[in-house]
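Each of the next two complexes has chain A plus one other chain: chain B in the first, chain C in the second.
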Partner chain A sequence: MIILRLAIRNLRGAGLRTWLNAIALSFAFVAIIFGQGMLRGMNKQAEDASTAFEYAGGQYWHEDYDPYDPLTLENAHAPVPPVLESLAAAGKAAPILVIPGSIYPQGRLKPVLLKGIDPAQKVVAIPTAALGDTTEDLPLLIGSRTATATGLAVGDQVTVQWRDADGAFDARDGRVVQIMETSVGTVDIGQVWLPLAQLQELAGMRGEATLVTVARGLGRTGHDRIVLNSDRVPNGAGWQFRDPEFLLSDLRQMVASKTIGQSIMFVVLFLLAMLAIFDTQLLSVFRRRREIGMLIALGMTRAQVIVLFTLEGALHSIFAAILGTLYAGPLFIYLNRNGFTIPGMDSFGFALGDRLYPAFTAGLIFGTTVLVFVVTAFVAWLPARRIAKLKPTDALAGRGT
Partner chain B sequence: MTRNCILCLCLSLGLCLAAEAPSGAEILKKVDENGYAATRVAVSEMVIHLARNTRTVRAKSWVEGADKSFTEFLYPARDAGTKMLKLKDELWMYTPETDRTIKISGHMLRQSVMGSDLSYEDMMEDRKLVDLYDAEVTGEDKMLGRPCWIVKLTAKAPDVSYYSREVWVDKERYLPLREDRFAKSGKLLKTTEVKSVAQYQGRWFADRATFKDALRSGEGTEFVVDSLRLNVPIPDYIFSKASLRK
Partner chain C sequence: MENGVVISTDKLVRKFKVGRTELVALKEVSLEFRRGEFAGLVGPSGSGKTTLLNIIGTLDAPSSGTAVVLGERVESLSPVRAASLRSRHIGFIFQTFNLLPVYTAYENVEFPLLLLGMSQSERRKKVTDALEWVGLADRANSRPTQLSGGESQRVAIARAVVKRPELVLADEPTANLDAENSHKILQTMVSLNHDLGTTFLFSTHDEKVIRYLRRKISLIDGRVANDEVRSPNSD
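After this line comes the complex of A and B, so read on.
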């Protein structure tokens, strides 16, 4: 306790030098928490949006379906297994048929994926109810990005072309009945949504689908777990279950890759702050030799003196945390509640929406504080080790180190 | 008596006309025969009318029967050296910039060739019409000042790319002078209109035609034949993947 009081008194005595170090360290502190909070926020937001609009509780894929290989789409369709059909009838699953096609907005050819989905489904947040408009021969739903890229607006007529199951060309004029706003580009860019039954009919693929998205929470309770037991019916029919962990893994990898890039910046910032602490400690040990000699002469062991100096260094991180809380705390609370807009957020490559809400969790703040404290203590201890080699007589005379 | 004579005259005239008009299948057979040569070597140009400009692509093609063809692009400089090889229903493309040969398959076959109105699939089409379609003569018309049969083709099998076609066939030369291709829904998808014809080794071929994707805006793609040699020997190595990199 005496050591702690002494350390605080010494730091206060050092005046501006202490505060300059604490301010430099607090910048690193705040930058790390802000950056990590941003990434966590991005990750959470993208996962929530992707789950809501695309993955829900997971997807059954036709065995030939590979979303990254459009060449697989021609063969990736089969009748929906009865067990999934019954789930769909109960509103717990949404079969989706995907076929490659083209649209011709303003006479320009644009390759797209035509996706058939039940207008009444509630499994994903895509506003498919608009496709239930029976007054239109071929109602079409597109996302805002596709609308911008093609210049299409609600009410516009556009020719849609595809090949049926036998490979014959077919084309119809459809009408855009709704443009959906979604942050999930993978249900928007280059995609046109149609009523499932109609696409199945037009493509000669009655009752068929490419994938079946199941509702959230399925597979966790008794009946559903039996139904969705991947060793039972669906797999036997050539369908493979992809759980949300699998479906979100690409997204997580993308966030992880961005985390690595950001971490390099944090390390540089942190190193600069640690360099300041190290320099200060080194200077203290050199300039305060007489004081060290006096403390040892008064009965303190060398180890106690090392602890004192290490504590002085480590306390910079506590001061930095207090300072950071004072000037960045209100900002973090504001951003956590209201989010903020980054220009070109769509170009980040995953679903972020209009605003980004950073996630400054207690765990993040506490973890970062502990990490900074431990690293600062270590950096403070490195120069303080020299005290162990100091002779009290030399120290009192202002020699040594 | 006079009435009977007139009736007999009309009947015999009608029978004569009916005898003159070949069936759709016969017309198709003759069209296929006219277009077939054991081998063909042609130098041609595609004039592609794009939204803002026009570009011309020149190519030399070697064709053997219906299964083998090899095309080398000669002009413009950026496309020169690009080669395509078709063996039966497979297509490979070599680009000198990447020094790679890729197989064009699946949905890529539907993409346009060099930005033209022709898809790779259109270029690959080789099966005889008579094998693919039932034909019916639906009328007569004049194209390029020549009398034509209008023949309506309907796919025999469901796996034919274009469910129906309407072809204007020169009555004397059995050369298609215009063709409209339709989707299953009846929507017009592509048109071909012959602008001029020429005789090569005693046979008539279109030497200038315009292909148009009817769903796209624009003026379509002109196809101009500069030279055409029929039934000339072509070495086997031309139709090998090794020749793509030569």
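After this line comes the complex of A and C, so read on.
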């Protein structure tokens, strides 16, 4: 502890140099926390939105269903297994039938996915109730992006075309009853939602679905757990459960790839700050060799002097953390609360909404501080360990290192 | 430390490699110092004074021969034991650059006590006393850059004696000082030697210092050329 006191004393004494280093390091600090906070905020926001609008507690997929291959859709439908049917009846699952089709806004063909969903469902946040509260023959629900892309507005009539179970083309006129706002592009772009029973009827796939989304929190406790994990689970019957982890993994990868450039910049900044510390230490060991000799003459061991110098270097990171907190803390708190907009955020390809709320958590800040402290200590130690080879007599005479 | 012998060297040799040749800085130096001595190593530049003080101060080890300091054999002392011996029992005063630059006079004098793990109140008392001995109690908060050369040396003396060491090693402590300051410092050391029984060993070629010595050992070319006990101010 004496050594810590000495280190702090020395740093205080070194004055400006200490503060310059600490300021440089604090930039890196703030940048790392900013970047990580953004990444985590984006992840959380995108995950929350995707969970709310699309994945809920996970999905049972028909074994042929592959969301990245529309050609699989032709065969990816089957009667909903009774166990999932009863979950749906209890309001804990929402079967969705997906079939490829087209719409003809202003007479122009636009390929879409037609998705049938129970208007009464509460499993996902899609405002399906609008499909039920209507007297329209064929009510349609679309997202705002699709509305923009097709020029469709509420009340517009549009021709919907599909192929039925036998492969024959069929068409009907539907009417847009609602346009939903959602940050989740994958339930919006190129999709048209309509009542499940009607789509089943029109396509000749009565009682069938492509996937069944189950409510959040399901599959973990009590009866639901038994339903999902027992032998009666329809895994063997051509349905496979995809848990939220699986469903969100693509999203996470996408967020990570979007932010990698940013991360590289932070690494570079951090390296520069480390270089400054390293340089200061190197100079310090050289310039202060008489002092090192004196410390040894006064009764310190070389190991203690190495610890002292290493600590001096490493303490820069603590000062940097304090400095960073002072000038960036209020900004972080503000952004945590109010979020901010990035131009072109909508085109990031994942759900962000119109404001990004970074996640500057205590864990992130503490973790970064520990990490930076450890790395700084190591970088500070590299030049300091040369003291081990320094003879005290040479040091006192100003020779060596 | 039988018979009050605090330092004894026997056929002490210290060689240095200089390029491909070997330089012998100390040639079979055999000396003994007793507790309470006020002795000086004198001799021309390069005669081996600093080299001998460094070995006695356990900062360096002999090439051959033995040196026993305060009961410890220097040539076989581990770094940790040597550090502990220095921090407890040996005080150093150097010719120049004596003080830790970023510390105040007070903090410089306090430093050895911090290393000994002394309590705050104990430290405060001892540091204040030591600064009073050297007449610098009013400069406690000055930094080395704000002190004159003589004042710096007096702070260094206070630091060397604050822990009441057995032995003070002073390597040309007056080399940068004028006559008045030299005398002040020497008088301070004489009274500490007298009051506390501390053993002082100097290296010097300064006549002003030599006048105060009670024992004068002449080193020439790494050998003890003369070793005389004298009454101070004899000339």
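To be clear about the criterion, the second predicted complex is superposed on the first by the 387 of 401 C-alpha atoms of A that agree within 3 Å, B and C clash if a C-alpha of one lies under 4 Å from a C-alpha of the other, contacts with A are read in each partner's own complex, and residues count from 1 in each chain.
Please note the rule applied: a residue touches a chain if its C-beta (ideal position, glycine included) is under 8 Å from a C-beta of that chain, and two chains touch if they have at least 3 such contacts.
Worth saying up front: this structure is predicted, and the values here are computed from it rather than measured.
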For the three-chain model obtained by superposing on chain A, do chain B and chain C clash or fit?
fit
Between chain B (first) and chain C (second), which, if any, makes contact with A:296: first, second, both or neither?
second
In the superposed arrangement, does A:206 touch chain B (first), chain C (second), both or neither?
neither
Return first, second, both or neither, reflecting whether A:161 touches chain B, chain C, both chains, or no partner chain.
first
Pick one for A:9: touches chain B only (first), chain C only (second), both, or neither.
second
Would you check which partner chain A:170 touches, where first means chain B only, second means chain C only, and both and neither mean what they say?
first
After lining up the shared chain so the two structures overlap, which partner does A:396 touch, if you call chain B first and chain C second: first, second, both or neither?
second
Using centres of C-alpha atoms, tell me the angle at chain A that chain B and chain C span after the overlay, to the nearest 10°.
150
Does the superposition put A:108 against chain B (first), chain C (second), both, or neither?
first
Counting only touches as set out at the top, which of chain B and chain C does A:73 meet: first, second, both, neither?
first
Just how close are chain B and chain C at their nearest CA atoms in the overlay, in Å?
73
Just which bits of chain A does chain B share with chain C as contact spots?
none
For the complex, which residues does chain A have touching chain C?
2, 5-6, 9-10, 12-14, 290-291, 293-304, 391-393, 396
So, in the complex, the side of chain A touching chain B is made of residues 70-71, 73-74, 100, 102, 104, 106-109, 111, 159, 161, 163-164, 166-173, 204
Name, in rising order, each residue of chain C that touches chain A in their complex.
54, 57, 59-60, 79-80, 83-84, 86-88, 92, 94, 97-98, 100-103, 107, 111-112, 114-117, 159
Please name which positions on chain B make contact with chain A in the complex.
51, 105-108, 110-112, 155, 157-163, 183-185, 187, 189, 213, 215-218
